[in-house]
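Below is one structure; the comments refer to it alone.
Every chain is named by a letter (A, B, C and D) in the order it is written, and numbering of its residues begins at 1.
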Amino acid sequence: MTSLGDRYQAVRRATEELCAPLSAEDCGVQSMPDASPAKWHLAHTSWFFETFVLESAPDYRVFHPAFRTLFNSYYNAVGDRHARPARGLLSRPALTEVQAYRRHVDQAMARLLDDEVARAPVAARVVLGLNHEQQHQELILTDIKHAFWMNPLRPAYCAPPPERRAPPETTATPALLSWHERGGGLVEIGAAESADPGAYFAFDNEGPRHAVWLRPHALATCLITCGEYQTFMADGGYRRPELWLSDGWDAAQAGAWNAPLYWEQRNDGRWWCLTFAGMQPVAAADPVSHLSYYEADAYARWAGARLPTEAEWEAAAAAAAAPGAAAGAERNHLESGWLRPLPAAASATAGGGPAQLFGDVWEWTQSPYTPYPGFQAASGALGEYNGKFMCNQMVLRGGSCLTPGSHIRASYRNFFAPAARWQMTGLRLARDA
Amino acid sequence: MTSLGDRYQAVRRATEELCAPLSAEDCGVQSMPDASPAKWHLAHTSWFFETFVLESAPDYRVFHPAFRTLFNSYYNAVGDRHARPARGLLSRPALTEVQAYRRHVDQAMARLLDDEVARAPVAARVVLGLNHEQQHQELILTDIKHAFWMNPLRPAYCAPPPERRAPPETTATPALLSWHERGGGLVEIGAAESADPGAYFAFDNEGPRHAVWLRPHALATCLITCGEYQTFMADGGYRRPELWLSDGWDAAQAGAWNAPLYWEQRNDGRWWCLTFAGMQPVAAADPVSHLSYYEADAYARWAGARLPTEAEWEAAAAAAAAPGAAAGAERNHLESGWLRPLPAAASATAGGGPAQLFGDVWEWTQSPYTPYPGFQAASGALGEYNGKFMCNQMVLRGGSCLTPGSHIRASYRNFFAPAARWQMTGLRLARDA
Amino acid sequence: MTSLGDRYQAVRRATEELCAPLSAEDCGVQSMPDASPAKWHLAHTSWFFETFVLESAPDYRVFHPAFRTLFNSYYNAVGDRHARPARGLLSRPALTEVQAYRRHVDQAMARLLDDEVARAPVAARVVLGLNHEQQHQELILTDIKHAFWMNPLRPAYCAPPPERRAPPETTATPALLSWHERGGGLVEIGAAESADPGAYFAFDNEGPRHAVWLRPHALATCLITCGEYQTFMADGGYRRPELWLSDGWDAAQAGAWNAPLYWEQRNDGRWWCLTFAGMQPVAAADPVSHLSYYEADAYARWAGARLPTEAEWEAAAAAAAAPGAAAGAERNHLESGWLRPLPAAASATAGGGPAQLFGDVWEWTQSPYTPYPGFQAASGALGEYNGKFMCNQMVLRGGSCLTPGSHIRASYRNFFAPAARWQMTGLRLARDA
Amino acid sequence: MTSLGDRYQAVRRATEELCAPLSAEDCGVQSMPDASPAKWHLAHTSWFFETFVLESAPDYRVFHPAFRTLFNSYYNAVGDRHARPARGLLSRPALTEVQAYRRHVDQAMARLLDDEVARAPVAARVVLGLNHEQQHQELILTDIKHAFWMNPLRPAYCAPPPERRAPPETTATPALLSWHERGGGLVEIGAAESADPGAYFAFDNEGPRHAVWLRPHALATCLITCGEYQTFMADGGYRRPELWLSDGWDAAQAGAWNAPLYWEQRNDGRWWCLTFAGMQPVAAADPVSHLSYYEADAYARWAGARLPTEAEWEAAAAAAAAPGAAAGAERNHLESGWLRPLPAAASATAGGGPAQLFGDVWEWTQSPYTPYPGFQAASGALGEYNGKFMCNQMVLRGGSCLTPGSHIRASYRNFFAPAARWQMTGLRLARDA
């Protein structure tokens, strides 16, 4: 079994490897208030360990007193914080200084984690910090993608591998959308509290585990593809208000939306989209991504279907992820290195069950992000981690091709405002039985 | 039994009576984009009958062709509409012309409703139109209250009755907050489809009736009072971010909130608030109103409790409103003429059941406004009535002292954005058992 | 000679007559922050006399204490003021109450002006107040025109007279643009201080009289017409950035300008424009109006000319208005009742001199509004009348068809921000000799 | 005499030396839309030579086709341009690539300038390009200073020299403000057209040379100091609207101004300000800088004086800079290396003449930036250099401690919007005689 110290090192190193293709200048750019510079992510994830683990450790020397404010994201209980939209103005500290900050924190953490007596009381916080860092790994990628989109040169994050456009097992015979029927009744969702916190991690917002009454319904076996989405576009999807929520229609008009984010139409009428390998032609069989909730909802209405609730999704995913279920092997997560959603292979849905539940793209659900029955945020600063955002956001499930595979699970609840498009967000249809 | 024609006349006349204390100038004011001038409400409610009932009637002559656009609120399927924030710029048509419009529509409606053959196919739409008009009756009052608040002269809508400050049965012995325990399990909520639509009306968003699994919980027997809310204020309620949702804290800072809307503190430290009878001292036993969802949520967190879900509320209200339940007699709705929430009398909670479920103030629930399972918006323009707003809003229950008594029921779902404060909105606490 | 009391009555009555065609609802509308409701103008002009003349009079009883704040326009030295963009929210005081306020002030003023001893020390302020009220007469008309433009019904302020489109002496043989050459050298401009202030009035910003060195130049004999302006439009005037100042181009793009304000193109390609008699076809021979400075400047650049400086304009106007000059008889001011600019008759320019210097439209000059050499604002509140606006505005000269004839003179300096279009503003070309 | 090629190399090298203390991350920051990243300045100045000199040269190979748009500042005639507020998002091209771009342009320019035949027709444009680059040298410094101000770490651009706070000849005996009287009459200002353009350079906006009539007046012999400005502050300068232009008061309230930009008050009440050597105590004898026009104007009004007109300033400066005048030797320009304004030495004003006319800080004049009589912008893109900005800006004179000494002259007209504060801007008083 991996020690906590080893796991700490692995996660921290992974973050740095994600930044390796980026220059110091790339790492400093903030393309909109919702996004942060990679340098800020590198520092903030270190700040998290410094603030919530190391500051109470004996002999720990704070790296720089100003960092407590500079790299505080949103913890009012920790004190002041640098204004979020101004994160891109921080040419100092330099990237090299932030890297030194990481090494400083890592060395102190290594000492702490080596010490069995000192480790025990902070272990839960360390695990939280590692999960926190994994969340920022995905954000580093989505934020730099947005920054590159704002640059007319449309830079590539990395070169496409030679075989880039053809993972044989998926594009050869892509799956067709069919329906996976599921009965109704009382189901339990949410993460149960574990007797051994080291054995299993879940964020506080995933619990308490609780009963939900479901009606019979069906879930689509695959994600909606770019080709299907283009049919919606061709059918006037972006010009027909009757397909849209009122706020969604307003957002679409205000933003002049006529396609997913990162898509642009060339003079020959073909659509291209920004990928981590630069601009690429849109591939019909790929899952569509970079949709807002509003677009996902409009698509579902156009298709005569709806989005799943988070309970419907989780019940299905828990079954699929149960011991003996086969889905895991084909997951497309960060570790796969594709950095783009992949088509479902026909073989994956041959058994009638849903494919692509994990990885590829986050799936918008129709569920607003609210506290589960009985939820209580922790007291103190860490209680701010999730609870205070339980309003005006929608739940997404399943992780994406940018999510570390060890970070996702059936009960995982991601959440974004319904107009957000810069995440790797797509959709799966559902319908009443 | 009242005929549909009689009911039409009664509702229409009630709207006009609400405007009687207002001058033509008052009726033209729009104090913010969310509010509309009374003159606009008078015209729009007529537009509703003209557009959805009369336009298909033989021989109906449209009153003014431009009104189709001018008084369309949000129905994309009907066509263009005058910009909402510009409703206050319409000095023409004059109030007298809008009144002539109402008479024109009323005469055509009277002819239609007198004709049994013609009436039958439109009866359901007429009932919808009357419920629509009742919604605007409340809005006429809440919108003019906001307009008067924006006027430094702080005008009164009407003179206070002599006995204004002392409805004997309530202020003599106000009820104290206690807890009404309720078991969990499977409950059904929502309006059932009626075999006879004439017998029972519910908006489409109240159905389908469906099962919800509840956990054991308790509801406060009374609404939170101004006195209780002042304790929250005195305890730093508006200065402690840990009590607030993140968006709520931002809204409170941006709006410099330090008390409910319409409250102002005099030099002697006492709080006054705007009522329909002008500025009046805040009375400790009165239910607090003009709170946003954010404030209601923060209060509940401060109190170590939470807001009820809409299912919890409806289950309790359905029981309280069931045949044999006594709550009805003491309801404070529009017809009572008080135009302000009243304290709960101790006698009302003597039996241990919740009081004030209906009337007084709308009660914020912790439930986002989403479609019930199986909900399908109607096709066509009337499908835009409710369904397209099912995002970014929170559900309120129970009606207020400005809601017509015949308009409210246990399954009724009102909804507003969480930052809205100009409605008659307050709160009741809930807690897990 | 007219007594001051008679003149007071005449000016005050003229203001009220301008409002006679307007309903109370019309008088309450504020269509943008730069414009004010007619009711506000009626009250503010009374506030001016109350604040600067009557408040120091013995026995004067203030009409309403809140009016000091409500109707203060911009005088910091007087104290607080109601927010300018919120003037349209004041349904109270009612128009009738404002009219009573006017009568109250008028009665007190009548008593004061009847008393020779009391009159003398305030005579200068009364004359200032009357000139102030004349300025607001023009604003009442320009502001209601803008309000009517914002109303899709496009109401008319008054019926067009039968002979509306054909004042025989002008449209029969319209003047053609020719050039009035003027030599250079030292000229004096500005209002001289009069030994007898009763004999002659000028605003403080018109002095001190001072020398300016001019180069030889020429002024166009007539105003630019709608027909000439349409040629500019047809030549891509609104699509060629090289014709525009940088700020002007930005304003034109942001506002989607493609014609003067109040113009709209019908389906048949013809242009119509809003007049006080409602929408009317654009008449080619009419002077163009409702141009911003940016448009006037772009037109002049397109025409290979420039706008005159205010010194050039004044030197010509002073000569034209000198004893023996004939221009006065044909002036089109407010009293003419046309309420629209009229074409110049060929006869008016037959002598080679410039026509239309006074009346018709205000003429943008290329001169920013700055203090004349030696200018000192008065101390106290009245020093705020003009001086504090001497930045970011451009000077206009000559009055318009909405300016009272007794209010305008060669030294008169009007000023507006360069993007303002809702005034009766046009242009005359100039060029270097 | 220096060859054009040598001068080209010297100016280009100077730009790069200014960036030497900055990291690539520093060079990428844009702290507000008005400021540009240093990297952008480095590229844009090269773009200027590429676009206006090299593109017509035979054999010139464009470095990167996208740069034509990316580094176009505001030349509509050249084509599209990257949005100004998005200059800080360009992490690519990297600083190293921009440096390669500079070398590429420099090599092509060296070849061109070596070739006498090819040089002649472009010589005037090359000189313009060098003056353009010198303007950007100052902007590199003012823009990075603003970026450092937005960084809570308040970085220093360079270390202060040991003798930083005591240039002996100035602080030992600072000059006291006295008045330099000047007669009135006709003066000529502006740059004359030179028969030999190589001999003398002036921007187009400095001409034509023309006559202006001045009244007798006096100019202060020195700039206003920080100590004098603190007296204004202590006398309520920022709290008294009667001292301010209306727009200025609005800007001050909106920006919560209570001191010059870059000043902050420590807990002990002392003021510090950001310098290129980091935060330093405000020194009373130093000229005050980083004032808006509004603040300079308010100070002058408070002092019972006014700002000079640009004609008054230029007449005095031309006399002072005439052959035999001694001012030059003590000028504090970019080359002095102080990078901050210095006190005037008593000796400098001993003769009664004005000191500090050149260098130290730009001096706000009361003159709006308008075309001189007879001014015609050149046709084509280079006509956009100055002419299209002649609105809504105020003229500044004399250069600053950040201006290259070879770049400034008596006729030089700088201009900024009246609210701008991030330039090295201060003031000198004037008064009527």
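Keep in mind that, in the parts below, a contact is a pair of C-beta atoms (placed from the backbone, for glycine too) under 8 Å apart; a residue touches a chain by one contact, two chains touch by 3 or more.
Because the structure is predicted, anything quoted here is derived from the model rather than measured.
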Those chains that touch chain D and also touch chain A are none
Maximum distance between Cα centroids and chain B occurs for chain D
Taking each chain's mean CA coordinate, chain A and chain C are separated, in whole Å, by 60
Note: chain B sits from chain A at a C-alpha centroid distance in Å of 39
Residues of chain C that touch two or more other chains sit at none
As the complex stands, chain D meets chain C at residues 74, 76-77, 186, 210-213, 215, 241-242, 244-249, 293-294, 297, 366-368, 370-371, 373-374, 383-384, 388-392, 418, 432
The residues of chain A that touch chain D in their complex are 23-29, 31, 66, 69-70, 82, 86, 88-95, 147, 150-153, 155
